[in-house]
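Scroll down for the structure; my scribbles are underneath it.
Chain nomenclature is as follows: A, B, C and D, assigned in order of appearance, with residue numbering initiated at 1 for each chain independently.
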Amino acid sequence: MPGFYHRRVQVSVIGSGAEHEAAAEEVGRLLAKRGCKVVTGGLGEVMAAAARGAKEAGGTTIGILPGRDRAAANEWVDHAVATGLGHMRNFAVVASGDAVIAVGGHWGTLSEIAFAKILGRPVVILEPGLEADDVDRAATPDEAVDFVLARLEHPA
Amino acid sequence: MPGFYHRRVQVSVIGSGAEHEAAAEEVGRLLAKRGCKVVTGGLGEVMAAAARGAKEAGGTTIGILPGRDRAAANEWVDHAVATGLGHMRNFAVVASGDAVIAVGGHWGTLSEIAFAKILGRPVVILEPGLEADDVDRAATPDEAVDFVLARLEHPA
Amino acid sequence: MPGFYHRRVQVSVIGSGAEHEAAAEEVGRLLAKRGCKVVTGGLGEVMAAAARGAKEAGGTTIGILPGRDRAAANEWVDHAVATGLGHMRNFAVVASGDAVIAVGGHWGTLSEIAFAKILGRPVVILEPGLEADDVDRAATPDEAVDFVLARLEHPA
Amino acid sequence: MPGFYHRRVQVSVIGSGAEHEAAAEEVGRLLAKRGCKVVTGGLGEVMAAAARGAKEAGGTTIGILPGRDRAAANEWVDHAVATGLGHMRNFAVVASGDAVIAVGGHWGTLSEIAFAKILGRPVVILEPGLEADDVDRAATPDEAVDFVLARLEHPA
């Protein structure tokens, strides 16, 4: 039986910062409840929290790692890909999502938002988040998830 | 509940050539039966056949694509990652497997065998396959799967 | 006779937008006059203007291209490198400079600023330029060049 | 004055092994005498020897490094590019040459030969060299340089 992966939406959750883990976990949970797979960079903080939330809600998670060894993935990653790309793997993280939600974050997250925009992926920054011109913002995890799913259904 | 991905072995099946599809399908099937996930480059011929075989046996498949769009993945890919790396994604294909089986193939496959050797991954070429010094060879799909699983259990 | 490249400073000039070409050309000219090599992404607009300015002042230019074919480089690139990385070559553009000057630009430039910050390279945005938190700004090409050269001599 | 880089041929010299340094140095020297720039991976052994030979003959050299820091380049590299790609920079090394000469080498070199073939670059292996099907071979440095320059003038 074919995988029909293409019928399942994949949403990339990006960001960093221990203080944003609760929000990221909620985003992961909500995405899983809505039937989406969660894609992250596979490491700690926001990436681990989003994957943990998705697994708590019975979802499926993909981790796209900077190094060559998939053992570096956090324990909530179901499917780990080792790229050896270092920070350039940020491109693959957002390219592999149909849409992108940013939770906290710093320079690495900004590079991901930039790549997501270049790729034309819908992106939303969850408050309080990075400053970035021309990027939509959401006040709550619920709003962020609603936003990207609405965009995927009705592209702007 | 955590994904415990790290307890599931991932084996990369690489290669190309329509005449090698039956063998690749059998390799995919055998890997799935042995509880391994199958990683491929996500496109056609040997990549599609290996994923199809794995799905027929109830397995799970990952496709690591050269382009930016996961819609390019064949229909037997469960989880597609879009890298935008072109042929350099060959590195991620073998880095994401704990071991590598080559079925047919040409220059792209040779680059993957070379990267697998650099990474220290066990590699086997299924006959009739590419010529390459210092790479182990297997006469049948069964033998190829046995070989890599034995190597993972008892590293040389 | 060795190349002693390491005694020559390399500065990456990044950005886009036809309206910023005059400023970029001036930046390239000033860098060459100060003995710096100019690194760019090798294509048009700001990249071409910076290289043109450097050549007008007798300088040396390096272009790091997204594609596989160095023929895509603009005519003011002395030494072209073809990466096949697409937008991920932005990482190599800033990694190959000892410091970075941004002139105009959009999402690609923002990804380069982010990577430069991750790499710890001194970065300055020439006014009027992108909005980005925690990035220094310069009012004129002269000030931008002075800023990065001062930072290289006396790291913050 | 424009750079007209495109009028200068760039040849990539790839390989490894201390016992092949004398041959690599001679290849670098001959390429420089014939007016070609020499591209290498920028590190030691064959890469350093080829660049040293080119500099001895008054040539120009480019080094495409695996890491993020151009200080890792050997002292005969005139223009160093830092990619952060690890072994994937092998693709950029051969993509940046109009033709490729392999001197000694192991798995990394084999990946470069494979990528060169995918890119359609003329490639020659200098004896004694790697085994690889469908790759031309040359008995001496002179013959190797003649071969690639003839191929660039009269593509097969």
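The criterion applied here is as follows: contacts are C-beta pairs under 8 Å (C-beta built on N, C-alpha and C of every residue); 3 or more make two chains touch, one makes a residue touch a chain.
Keep in mind that this is a model prediction, so the values were computed, not measured.
> Spell out the chains that contact chain C while also contacting chain D.
A, B
> Can you tell me which chain lies farthest from chain D, using the average of the Cα atoms as each chain's centre?
Most remote chain from chain D, centroid-wise, comes out as A.
> Counting only Cα atoms for the centres, state how far chain B is from chain D in Å.
31
> Return the distance between the CA-based centres of chain A and chain D, expressed in whole Å.
So the centre of chain A lies 40 Å away from the centre of chain D.
> Provide the list of chain D residues touching at least two other chains, using ranges where the numbers run on.
Within chain D, the residues that touch at least two other chains are 68, 84-88, 91.
> Linking chains that touch, what shape results: line, ring, star, complete or other?
Shape = complete; every chain linked to every other.
> List the residues on chain D that touch chain A in their complex, please.
Touch list, chain D to chain A: 68, 84-88.
> Which residues of chain D touch chain C in their complex?
The touching residues are 1-6, 10, 37, 51-52, 55-56, 60-62, 64, 68-71, 73, 75-85, 91-92, 95-96, 119.
> Using the touch definition up top, name the residues of chain C that touch chain A in the complex.
It is residues 85-88, 91, 107-108, 110-111, 113-115, 117-118, 130-133 of chain C that touch chain A.
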